[in-house]
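Two complexes are shown next, each including chain A; its partner changes from chain B in the first to chain C in the second.
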Partner chain A sequence: MHPVAIEARSLNKTFITKTGLWKTRTRSTLAVEDISLTIERGELFGLLGPNGAGKTTTVKMLTTLLLPTHGTARILGLDVVQQTAQVRKHIGFAFSGSRGFYNRITATQNLNYFAQLYALDSAITRQRVPQLLELVGLGTRGDDKVETYSSGMVQRLHLARALLHDPEVLFLDEPTVGIDPVGSRELRQTIKNLSSLGKTILLTTHYMAEAEELCHRIAIINKGRIVALDSPEALKRHISGDSVIEACIQPGQVQGILDLLRVLDGRTLVEVKNITEPETVSIRTPEPARVLELLSPYLNPQYIQGLEVRNQTLEDVYVTIIKAGGQ
Partner chain B sequence: MKALRWGLIKQQMLVTLRVRALHVLSLGLFVIQPAVFTAVGMLLSHAAGNAMPDLVYTVIGGGIMGLWSGLVFSSTYDITGDRYYGTLELIVGSPTSLTTIEAIRTLINVLTGLFSLGLAFVAALAIFGYSLQGVNFWGAGISLLLLLFSMWCIGVFLANFLAWSRLSGSFVDFLEMPIAFLCGFMYPIRVLPGWLQTLSGVIPIRWALQAMNESLLGNRDLPFLLTHWAMAVGISLVFLAITGWLQARVHDSIRLSGELSSI
Partner chain C sequence: MIKYLLQSLRLYLYQAWLSYHGRYSITSPFGYISSKLGFPFFLMLFFIFMGKFVGYTNPLYIVIGNVLLIPAAGSMSGVTNAIGDERSWGTLSYVLGSPAPRLPIFMGRSLFYILDGFVTAVLGFAIAAGIFHLDMATINFGMLLLCIFLLAITSSGLGFLFGSISLISRDGWIILNTFLSALYILVGVNFPVGSLPSALQTIAFGLPLTRGIMAARLVLAGAGWNAIRPLLAGEVLVGAIYILVGYLCFRLIEKRSLTSGTLDAI
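Coming up: the complex of A and B.
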């Protein structure tokens, strides 16, 4: 048994587009640059990053759907370029969105079809399809056409499809997008259960709380490069022991408060959030006592309506890293 | 393993029939299109001064047109639809090769296209008074099987191009009429200029169809039929070999360009 589930070395992907009929112009877009990572068996690994950061491209290369321009990747020791067919037997993947199924047939009929693409025995298929539909909360809707499903239901059906052949490695691309809070919570629990069964899971998400709750380790990807990689706790520690002070400030008083904070050195980052009346100013600082001292004369409803001091969340870390354009 | 492959064929048939083929508009295509071609064929025959149109080339020819157009349309729709619905990525990402799926789908498309041909035969017999007297039945039967086989081979070959790029559907659609004209669907191949007859020789459908039409007209010349059948089988196998060679390249090409999805 290969100890490493997913291994990428200097993975690059450049998309080439050509325009023009006679004088063709070639344009290359670097989507993923020099990505290296190692994910152990049984690990639940998160890939975070803004839109267009290269998360889905990375996942598609690891799932054999895209060929890397440079670099190598192995799943359970199998090369994704040279041993494509073997890799596909061991992986399951679910992409976000309401596409990916034949809408004019039922969920059960869709799953029966995809089960055959994975050469599943008919008896196993008959047993597994209702079980999986039950697992993702669609047990009573299996005989309904997919065109009658909400986007959240399709999302859950994607997970059922990805699990059909009981893969050892799962790639879940934004699995809770479009799912209501109750459904999201259930799906997160399902992902935890799958992880506890020993499955290796690579998850991409925009939801920091989700990544913090689920993932053993997280890589933050920006402009095609991994800019941070560690456990959620270590990442939070890594961006120093800063505290976050969030102050609700009366409209019209924000500039005065910002001027007041100018005396602090460059280690303190001040951000005005786009929330209307009262406006929220977020201050990340290594010296919270000093900030509170500066703000204390203004702690009255005319200026500051409320104040909250808290430790950094993963979202704070993420925002700091992405805004800094790297690590 | 055998059972598993039958399972795949069965499931692919069920999906194709449920998603597209058993739709009233698809069935309409198999009826309306041959009827239009038959009408045009009869008008042209009348305009050419024939008192009685040749039913093999007009009515049954219309059915062949329906079969061929149905195959091209269905194959294009299948891949374009898969790209649009995001199912192409899921098929390619499975351990089953896309060519296997295309081979099964093309077979379904050829067999459903038989509906057109069957209707044309019924129309020729019941409406236009086509007589079966003198028909070389065994010759026509073998030729029909080889016609379906050669159409299947060409269909699988074209499916590679359809998978290759988002825009290749228009290229394959563009080939529909030239191949129909070159193969003599609605007229004897001998009316084409010599160089076009030579050009049409690379299409296996042309050989099988010519053998079928001649058999329907009563030709029992065994060397003629054997030559045409051999050409149909031989060239079909060449197309299959090229398809086998192409598939790995197309598979790599679409994964390199990222053309598996519609966006």
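Coming up: the complex of A and C.
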């Protein structure tokens, strides 16, 4: 048994697009640059990054749907370019979105059909399809046409399809997009259960809390490159030992408070979040005691209505890394 | 080997049923049957009135030609859409990302459209005989059915070709419609191929349908098997070439999409 589930070495993908009818212009876009990663069997691995960072392109290369321009990738020791058919038997994948099914037939008919694509025995299919529908919370809706499904239900059906042939390695591209909070929580629990059954899962997501809750390790990808890779806890430690102080300030007093904080050195980052009234000022600092000392005379409703001191979350780490341009 | 063939056959039949059922399941049985009867009826009525208006002595010539085009047009547009819709439904990644053999997936797209076109054309001939007095007393029904069935099969080759084009271009459907219009001129639907300029005749004989329609007309005129055999053989050959070209085109586009990543983009 190969110990490594997913292995990528210097993976690159450049898209060449041609535009114009008479004067053809060729444009090349480097979507993924020099991505290397190793994911052990049974690991739940998260790929985080902003839109267009190269997450889906990476997943598509690992799932044999896209050829790398350079580099190699192996799933359970099988080369994704040279041993495509074998790789496909061992992987399941689910991309986000409401497309991807034959909407005018039922969920059960859709799953039966895809089971045939994976050459599943009829008896196994008859047994597994209702089980999987039950697993993703669609047990009572299997005989409904997919066109009657909400986007969250389609999302869950994507997961059921990915599991049809009981693959060892799962690729889930933003699996909880469009799902309500209760449904998301259930789906996260399902993903945890799958992980506890020994499945290797590569997950892409925009939700930091989701990544923090689920993933053993996380890679942050920006502009096609991996800019950080570690466990969520280690990532938080590596970036800094900073604390975050969030202060709710009366709108007219924000500038005064900002002036007050100017005495702090460059290691403290102050950000005004203009999203609510009173406004929230977020202060990331290695010296929280000093900041609190500066703010304490203003701790009354005329100036500061509330104050929260917390450790950095993964979201803070992520924002810091992405804003720093992935350095 | 036997296991592989059985799996392929199962996949072929299920694919065939799904691609047809998935597209027509919103149509009620009443809507379906009335379209199967209504379409050929009004089509024939249109050509009979038009034939009389332009002074045609025998409007049944164009009526027969257009009824013979029904299975071809149905098969062609059905297969084109069945393949092209995969792109807009976003199912291609999942179908092509599976280890399933490609040929039965591809060929399965045509079966029920072929049968559907065949049924419509047969009903069309029944209407032509019952309402529009097409004399069918002396014809060999078996040979006529064979010609109609063959027309539906060979024209699916064009459907495969246009379907494959629609996987990479939003214009697949437009190209098909333009081509369908050209078929009215080229394949002997409204006037004999022999009346075309020689360059167009060469094109006509390079297309499916031309020989099949000629054979069906001969059967309707009372000709026997020996008269139509070479035409049917030619029809099978040309149709097979188009099906093969369509399949190769599909595989080429699949391969290209692995580099360009364009297959599921709409």
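Keep in mind that, in the parts below, the second predicted complex is superposed on the first by the 327 of 327 C-alpha atoms of A that agree within 3 Å, B and C clash if a C-alpha of one lies under 4 Å from a C-alpha of the other, contacts with A are read in each partner's own complex, and residues count from 1 in each chain.
We adopt the following convention: a contact is a pair of C-beta atoms (placed from the backbone, for glycine too) under 8 Å apart; a residue touches a chain by one contact, two chains touch by 3 or more.
Keep in mind that this is a model prediction, so the values were computed, not measured.
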item	value
Fit or clash between chain C and chain B when superposed on chain A	clash
First (chain B), second (chain C), both or neither touched by A:Thr29	neither
Partner chain in contact with A:Phe15 - chain B first, chain C second, else both or neither	both
Contacts of A:Ser296 with chain B and chain C, given as first, second, both or neither	neither
Partner chain(s) touched by A:Asp121 [first = chain B, second = chain C, both, neither]	first
Partner chain in contact with A:Phe95 - chain B first, chain C second, else both or neither	both
Overlap of chain C and chain B interfaces on chain A (superposed complexes)	15-16, 60, 63-67, 85, 88-89, 93, 95, 97, 99-105, 109, 112-114, 116-119, 161
Sites on chain B touched by chain A in the complex	3-4, 7-8, 10-12, 14-15, 18-19, 84-87, 89-96, 101, 252, 255-258, 260
Residues of chain A defined as touching chain B within the complex	15-16, 60, 63-67, 85, 88-89, 93, 95, 97, 99-105, 109, 112-122, 161
In the complex with chain C, residue positions of chain A that touch it	15-16, 57, 60, 63-67, 85, 88-89, 93, 95, 97, 99-105, 109, 112-114, 116-119, 145, 161
Chain A contact footprint on chain C (complex, rising order)	7, 10-11, 14-15, 18, 21-23, 25-26, 89-91, 93-100, 105, 258-261
